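What follows is subunit A paired twice: with subunit B in the first complex and subunit C in the second.
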Partner chain A sequence: MTFSYEILWIVFSFLLTLMVLSYLLGDNIFFRFASHLFIGVMAGYVVLLISNQILWPYLVRPIVNGTLPGVLWLGIPVVLIFMLVLSQFKGLTWIGSLPLAYMAGLAAAIAVGGAVFGTLLPQSRAIVDSFDPAMWYAVPNQTWFRILDAVLMLVGTVGTLSYFHFGRKRKSMTEEDLEKRPAILEGLSKVGQVFIGISLGAVFAGVFSSSLLALIDRLLFIGQFINNLFRSF
Partner chain B sequence: MTDKLICPECGAENVEDAEFCHFCHADLKGDTTVEFIDPQQNDQDDFGLLNGKEEDLTDILHALKQTEEEAVLADETQEDQLPIDEPEDGFDEGEAQEDEGIPDWLHRIRQRATEEDDSLGEITQKISAAKESLKGDKPEEQHENFESWIEKLRGPVGGFVNKEPDAAASDDAFDEKDEEIQEKEPDWLQKIRVAEGKEIVQDDQESLDHGENSLLNWLAALEDSEEDTAEVGDEPDLVDEDMESESVEIDESAETREIPIDETPLYEAIPPKLTITKEERNQADQLTSMILDENAPRPVRAIKRRSKLGAARFFFAILLILSMSLSLFIGGTTGNQSGPIQPHTAGFLSWISDLEESSSILLVFDYQPAYASEINLVSTPILQSLVSKDSEISLISSSVSGTILQRQLLGEIHALETDSIVDLGYFPIGAYGAFGLGMVTSANWQIVGLPESSKALPDGGFDSILILSDTAEGVRTWIEQLTVLMPDIPISLVVTAQSMPMLVPYFDSGQITGMVSGLNDGVILESELSTGILIGNRRRAYQVGLVMLAAIMVIGAVNAGNQNHEEGGAA
Partner chain C sequence: MKKILTVSILLLIGLTVLAGYFFPQALGPILNLVIDWGILLIGTAALIGIGYLIKSHISRVARRDKQSFLSFVLLLAFSATIIVGLIFSFNHPIFTDLMINVQYPVETSLLAVLAVVLLTASFRLISTRGWTPMSIAFLCSAVVTLGLDAGSIYLGTEGAGAEILNFLRRLPMVGVRGILLGMGLGGLIVGLRVLLTIEKPYGE
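Right after this comes the complex of A and B.
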């Protein structure tokens, strides 16, 4: 029985793989069927996951089995959830402003704090440290390479930041000057474009690499399925 | 009428016996006295009209016109008795005789007046013009126009008078007084009164003045109303509604002044002045150009047959799949040759080699099923190494499908049967989950009475954190939160090849200890960790696939360039 169950799932997986690959022939009903099936299954799975992994262990069960202080603490999220639900009704949308504001403010605080202390400051410090002579001579025969790496890192960082600087000249004489950045920033932004282009090219190559690996995995699955199918006969 | 001496030099009036002009002291001896027409005696002569107010000119002209008509009627009666040419000859002769009798200085003045128009007074010019118009070729038509114009002017006056409630009722009572007044009045004034109409109420001299002044008031009001209308029209930003409201205000002001004009205000007949701003003009121009562009004939673009392109795409896809399949299933699994080791890969290898036995490791699953093959390919030897070291592994899923993928991955290496793996569940939203995990792990304070999580974290915290992710954004969120809240815990990454370039700076800054990604790093891990997982055939298919993709892209680019060139040539 177990064997038949596994075979059934393997055959079903094989058919779904062929349906997705049928997009090579263009958009067709098999591809759409597979897409809709994945989306529907994922939506249902998310509901079950949140109910089983979030609401039950962190909300319902502590309320049922917890102490009074714990229940009072959990009353805050319960009220926020209730307000969000009420906001879905016509005429009561304003009720959802408070929980949404709480979530937006919390997300902004976490994101900004993380970006500043987790990315901006450490990356700036890394650039400064890369010009430390001790770093240059740490590895023998790589001194010039490290210096070049530090310079490239500095130029790339400044150029990229300059590219995303959307200022204008302090003293604009003509209307055309309003659309132009200062000459120094304009030149650095050109350099930044080169670094951004290289980075995006690397990301694009990575997309190809990941897609090829996914295709290889599916081809292996199909090959093994056919191989097992012939072996069974 | 008195005798005066007219100075031949300056034209000033002097007394009859004056020897010198009192104005220019010119010699007046020998000059002939002339008959001077006293302006105060204008009721005795038609020239007295010159002294009248200009506003009454129309009525005066009407009276003159009637006089002319009567004269014409009298001439017509005389024409029956006289020859046809006699009046003209008689008129010429009379003029000649008159020219002979006038003094020389007057003749020069008249001659100058005929030669220079400016020498005449304004009123004299108007009277002359009016007389000329009355003697025109079409007297009947002009008469009709004049009549209608006079009636138009008279209408409001009559209307105003008719608005008096007792005026119509007392017409009979005032008839006798009217006759008496008319007897005392000169003929020309009676003609004017007849011309203005009998409806005018004239009970006494005051009412007469009022009737005369009404025309003046009406003209003044007409001029004021025109000025008001012009002011309204000059307003640049007024729209129709504003114009209506403005019109109402003007109408009210007109009533307060009791101006007897038509029921329909005169300014309503004047169309509002259309003012267009520069911005409105530009918008209108754009709209016009848009409409013209929409209606412009366009060349019919030939429908390209995509069957050829679709067949080529299908051909290359099949070619890619076949070539990769052949490289996968033909050629064995030998030939694993690792390339140069990148610094982040070396850092990862050193981290896993330095990891102590029974270390507590947090494993974060943050990738989607589409990238499971790539992540699993690289992370399988790592997990085997961790399990072999009896590490205590805590699992967290920050993606929806993470819980399924972790079971799949750990099931492949048969690690689920061990007791050293604890599933902490799903942490929704990466930033919240990372922040919450970091706060719970690192905070030295706790909120009293806060319910504890059902999934207990390790008492001593984690010795290391390994993040498996397919996106740079997801990894960055975890790094940003954990490096701040748990800065002493080393973090290593297993990522996809597409997210690796964006995460290298975090290795350069020392925020992560190592990172592996893609098939090349998988081959290195396989050879370094000696896990026995052979991925050589995958690497060969991967290389073939890269070459095929590059070739397809080049062919596509060349084809697209040729197609654009052809379209450009056709255009």
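Right after this comes the complex of A and C.
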């Protein structure tokens, strides 16, 4: 019984693999079938995941097992959830602005905190630290190499930022003025282009090697399946 | 009145969470409560989103559109997953088998397709954009990184050779750092615009 059950799944995986890989020949019905099946299963999985990992532990269990003050506190999210659900009906859209404001406030504060403490400060700190003379002299005979490395890091980072420089149009500025950028910014952005190219190339190489491994894995799986199929006859 | 209430909730939640970064000890319990409620709301919003997806596919099947068969497959897969998940527990072998045997082959095969798509896209990038400083840097960096990952480029484990290898490995971080700083600045500005109510993603 277990044997046939496993075989069933292997055949199913094999067919799904072939259907997805058929996309290499162009968009076709088999690829769409596999993608719709995948989306359906994943949507069901997400519903179960949210029910099991969020609604049950954060809402239902505290209401069932919790103390009276705890249950009363939960009244606030329950009302907000109710408002969010009600806002999906025609004519009641306005009710949704309160729970949406809650989520927007939370997301904005997390974005600000994450940007400042998670990205801006540590990344700026790393650039500043590379100019620490103690680090330059840490390894003998490599001082100039370390200084060059630090300068390159600074110029590259500033150049990358300059490439993405977005100005806001002032009323007094003409289209011609907008196209012209200060010469120093223009020069730095050219340097930035090279560094962005280097970074994107490295990211590309990383993604390409993992996807190549996946391709090899799938081709091996297909080969093994066909091999086992012929052996069994 | 409604507008004032909406802005008050936004500011109350936003400022409480921001204050939590500076006073984690004092505001810890309140912060946990606010975030837990937020998780509940985000979970509900995700369920509503999936509800819309299912609703649109039900209406496609009902209208008997051109490819309503595919919508039927999606609905069938969705229902089957929910039923199997409800009958057996979330960690039951039958449910995990269903998930793994759909998720693994589809995701790995999509990644495999990506390998071919990436290769053709990179050739197309060079042919359409031509040889610009960015495309030359892109190509050289991709080749060097692939060589470093595969172990084809080897300059020794110590001395100048090792330093050059380290430098080559660190070089992509320069652009990444610039991009991260740009993203951080963008996130900060958008967050502040929402908190200052210049942007109103929650509607009026």
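Everything that follows uses one rule, which is that the second predicted complex is superposed on the first by the 209 of 233 C-alpha atoms of A that agree within 3 Å, B and C clash if a C-alpha of one lies under 4 Å from a C-alpha of the other, contacts with A are read in each partner's own complex, and residues count from 1 in each chain.
Please note the rule applied: a contact is a pair of C-beta atoms (placed from the backbone, for glycine too) under 8 Å apart; a residue touches a chain by one contact, two chains touch by 3 or more.
Just so it is clear, the structure is predicted and the values come from calculations on it, not from any experiment.
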| item | value |
| --- | --- |
| First, second, both or neither for A:220, with subunit B first and subunit C second | first |
| Which of subunit B and subunit C A:76 touches, first, second, both or neither | second |
| Touched partner set for A:55, first subunit B, second subunit C, both or neither | second |
| Partner chain(s) touched by A:17 [first = subunit B, second = subunit C, both, neither] | second |
| Contacts of A:45 with subunit B and subunit C, given as first, second, both or neither | both |
| Which of subunit B and subunit C A:28 touches, first, second, both or neither | neither |
| Contacts of A:207 with subunit B and subunit C, given as first, second, both or neither | both |
| Touched subunit A residues, subunit B compared with subunit C | C |
| Which of subunit B and subunit C A:228 touches, first, second, both or neither | neither |
| First (subunit B), second (subunit C), both or neither touched by A:114 | both |
| Doubly contacted subunit A residues - partners subunit C and subunit B | 24, 42, 45-46, 49-50, 54, 58, 73, 106-107, 110-111, 113-115, 117-119, 123, 126, 153, 199, 202-203, 205-210, 212, 214-215, 217-219 |
| Of subunit C, residues touching subunit A in the complex | 2, 5-7, 9-18, 21, 33-48, 50-51, 53-54, 67, 70-71, 73-82, 85-86, 90, 97-99, 101-106, 108-116, 118-119, 122, 132-146, 149-150, 163, 167, 170-185, 187-188, 190-192, 194-195, 201-204 |
| Residues of subunit A defined as touching subunit C within the complex | 9, 12-14, 16-17, 20-21, 23-24, 32-50, 52, 54-55, 58-59, 73, 76-77, 80-81, 84-85, 88, 93-94, 96-120, 123-124, 126-127, 142, 145, 149, 152-153, 156-161, 163-164, 190, 192-212, 214-215, 217-219, 221 |
| In the complex, subunit A residues that touch subunit B | 24-26, 42, 45-46, 49-50, 53-54, 57-58, 61-62, 66-67, 69-70, 72-74, 106-107, 110-111, 113-115, 117-119, 122-123, 125-126, 130, 153, 199, 202-203, 205-210, 212-220, 223 |
| Residue numbers on subunit B that touch subunit A, as the complex places them | 310, 313-314, 317-318, 321, 324-325, 328-329, 370-374, 377, 400-401, 403, 425-426, 428, 431-432, 435, 447-451, 453-455, 470, 476-477, 479-481, 483-484, 496-502, 505-506, 508-511, 518-519, 538, 541-542, 545-546, 549 |
